[in-house]
Amino acid sequence: MPAWVGPVADYLAGGLRETALLALVSIAASLLVGILLGALLTLPGKPVRAVVRAYVEIWRGLPIIITLFLIFFVLPIIGVRVNTFIAAAIGLSLWGSANVAEVVRGAVQSVPRGQAEAAAALGFSWTGRMRHVLLPQAARRALPPLIGLVVNLTQQTSLAAVIGLVDILEASQRSIERLTLSGGSTHAVPILGAVLAVFFVICLPLTMLSRWYERRLH
Amino acid sequence: MPDDSGYHFDPAIIVDHLDDLGTGLLRTLAISAIGMAGALIVGALLGAMSTLRIPVARQLITVYVEVFRNTPLLVQIFFLYFALPETGLQLGGFTVGWLSLLLWGGAYNVENFRAGFEAVEGGYVEACRALGFPRLAAFRHVTLPIGARIALPSVTNILISVFKNSSFMIAISYPELTETAVNIVAVTFRVFEMFLAIGVVYLGLVWLMSLGARAIEGRFAIPGGH
Amino acid sequence: MKSRFGIVISAAMVLALAAGCSSSSDGSSSSAAGSGASAHPVDVGAPLPAEVKNKGKLAVGVKCDYPPFGYIDEASKNAGFEIDIAHQLASYAFGDPNALTLTCVTGSNRVSFLTSKRIDLIEATMNYTPERAQTIDFSTPYFASGVKLLVPKNSSITSFDELAGKQVISISGATASLWLTQCMKDVKQTLFAQTSQALTALNQNRGVALAQDDTLLLDLATKNPDLKVVGDAKADSPWGMGVRKGDAQMLAWINGALAHMQKTDFFWSEFQKAVTDTTAQRQFAKYLPRPGHNLTYPTGATIQC
């Protein structure tokens, strides 16, 4: 094995740990906040829905890179300063939760109306209807797109490189930087190829899981 | 006591650089438009070929789709611009811009269209075949029109994502809107004005596109649902 | 179904535990200890600001793509002339050369990092310009550079005038880019964030030349025999460290520290370690503060066409 591979592989492994940690934190936060917001979007009351709708439209509408720049460079102006990892986690979670909310709303609203009406007729309150009738059925429908979002979020963690987080992409960039500037060849093909392969290996099983589950649904 | 960062909000900086920002926006729209159109056509075409189960093509399409859906767009962009030249193929910033968006959006759309085509009630196609239509004609007259309409919401969703993802081109320093803003900040240090301004622009355009998408979906909706 | 998901969730949790065992990085890496540490802080004639003292570490923004001044070495650590200076500053401040947090910054984001208080000091190959001095305060100078061009060995370009109307590669926010924007408006600039991207672009003929500091270009040309440095130096200006505007205490401390380093001829001894080629040493000797040899900032505009 050529001499340059060892140090690069080590550095990439460190970056992969950051990627994994960031992905897990963002996924967890997105799911928790997103499911709550998605449920709120199905509430009858207009004011709550309007606020949540605004949140969803803003964080889904902004490119994640802009969100990251806003959190990292602009928030400190009003005194809110968070480190790179937390900034990345917040940015990704804002986007993730907004998308999860949409998926959950769509799933709940795709449950045939008759179900909700029958439950109401039987005397269930709104929370009761959600908990015992709507959410369990909605959960099944929401699962394939949610798994897709999880895969997406895992990939979007690579954006944290734009604010300097040393995830696997930034680690690969710095390695290529070091190799290029020391006069050798850039080795960009094997290094970036390895990064692509790592993501592929992580995401493909999840994608196939989503596909398999979707088939089970129908 | 001096204020926290000594930041003095100065909206005039946006006016000063309106020229550059405008050019950046045009580039964003250009690569997005080509990327979106391409992703739509590629998705529909390859989705159809996949649904029709054309032998070798189906496997190749699956490989393409899975590679581009299971790897990050940002890494794909880096690879196309910085790594590909090592294999002999060198692409310019603009080309990588629309090509990467096309390949990414196309992969997702293949799945979206395929799901739409496969969601068409089997009964319709069977009836069509029973009337003597050959397979391809049945697809063209039944599966395609109905399936495309079913796929429409997820397809427009991806196309709007393609537009937002044009901002990823800062990776290759292609001077679309976000990169232009970053370069202006590099010289003027005005992070607030710049990122707020382009944030508003992106939100506005996404909102317009969403309105357009809803309108198109409404216009083509299948009466009574599918 | 439930058991399969159980497997997925457990796997995710195991991964989380494994990932959680690593320390979370905030984009910075500290480098190994420099030369022998004095156990006590050094009095440089001004007190260290209380805020910095309480942090216990000096937060410095440095270049990670500018050899031999600031770069990442094979052990994935920050290294270079400026990093050595940073360790010395930490020794003066806390008596420990490793009381240091190094953050990689680029020409385009170094000021944003400083103004958002993510770093307390910019030590990132930053030329003094009156425009930059409106947003940050510069320390006394500690080096200098001018802008030159890196071109392929067989290129016919020998001066800046021949760039008219052509594609030129540079770095976002760098003095080279500022000079081109102001003085050669017909040049089409392709700006990158990192040196290696710019160098790769030059090798791929995405531009006719790479415009950057002569100090960096000399290093690149030494390591890339098919490239050469041409042109007379534009926008010559000394480098200064940057502190937040109005942060008078920090400014006084840094200037005191730099004066102390000059007195002990620290710059010259460190420079010789970073740049081993004796011709290059002679060429840049006049840009180093030494006992009896001060650097001063020019008055008026530094970017003159």
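Per-chain numbering from 1; labels A, B and C assigned in written order.
One rule holds for everything that comes next: a contact is a pair of C-beta atoms (placed from the backbone, for glycine too) under 8 Å apart; a residue touches a chain by one contact, two chains touch by 3 or more.
Quantities reported herein were computed from a predicted structural model and do not represent experimental measurements.
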Quick one: do these chains touch in a line, a ring, a star, all-to-all (complete), or other?
complete
Top of the farthest list for chain A, CA-centroid basis, is C
Between B-C and A-C, the pair joined by more C-beta contacts
A-C
Between chain A and chain B, centroid-to-centroid distance (C-alpha), Å:
18
Please work out the Cα centroid separation of chain B and chain C, and write it as a whole number of Å.
37
Multi-partner residues of chain A (at least 2 other chains)
73, 76-77, 173, 176, 186, 188
Sites on chain C at which at least two other chains make contact:
109, 112, 115-117, 200
For chain B, jot down the residues that touch at least 2 other chains.
5, 7, 82, 185, 191
Hey, which residues of chain A end up touching chain B in the complex?
57-58, 60-66, 69-70, 73-74, 76-79, 151, 155-159, 161-162, 169, 173, 176, 185-186, 188-189, 192-193, 195-196, 199-200, 203-204, 207
Chain A partner, complex, touching residues on chain C are 1, 8, 12, 15-16, 18-20, 22, 24-27, 29, 64-65, 67, 71-76, 103-104, 109, 112, 115-118, 194-196, 199-200, 219-220, 222-224
Please name which positions on chain B make contact with chain A in the complex.
4-5, 7, 66-67, 69-76, 78-79, 82-83, 86-87, 164-165, 167-168, 170-171, 178, 185, 191-192, 195-196, 198-199, 202-203, 206-207, 210
Which residues, counting only chain B, touch chain C once they are in their complex?
2, 5-7, 82, 85, 90, 92-93, 173, 175, 182-183, 185-187, 189, 191
For chain C, which residues are in contact with chain B within the complex?
107-109, 111-112, 115-117, 135, 172-173, 177-178, 181, 190-193, 197, 200, 204, 206, 244-246
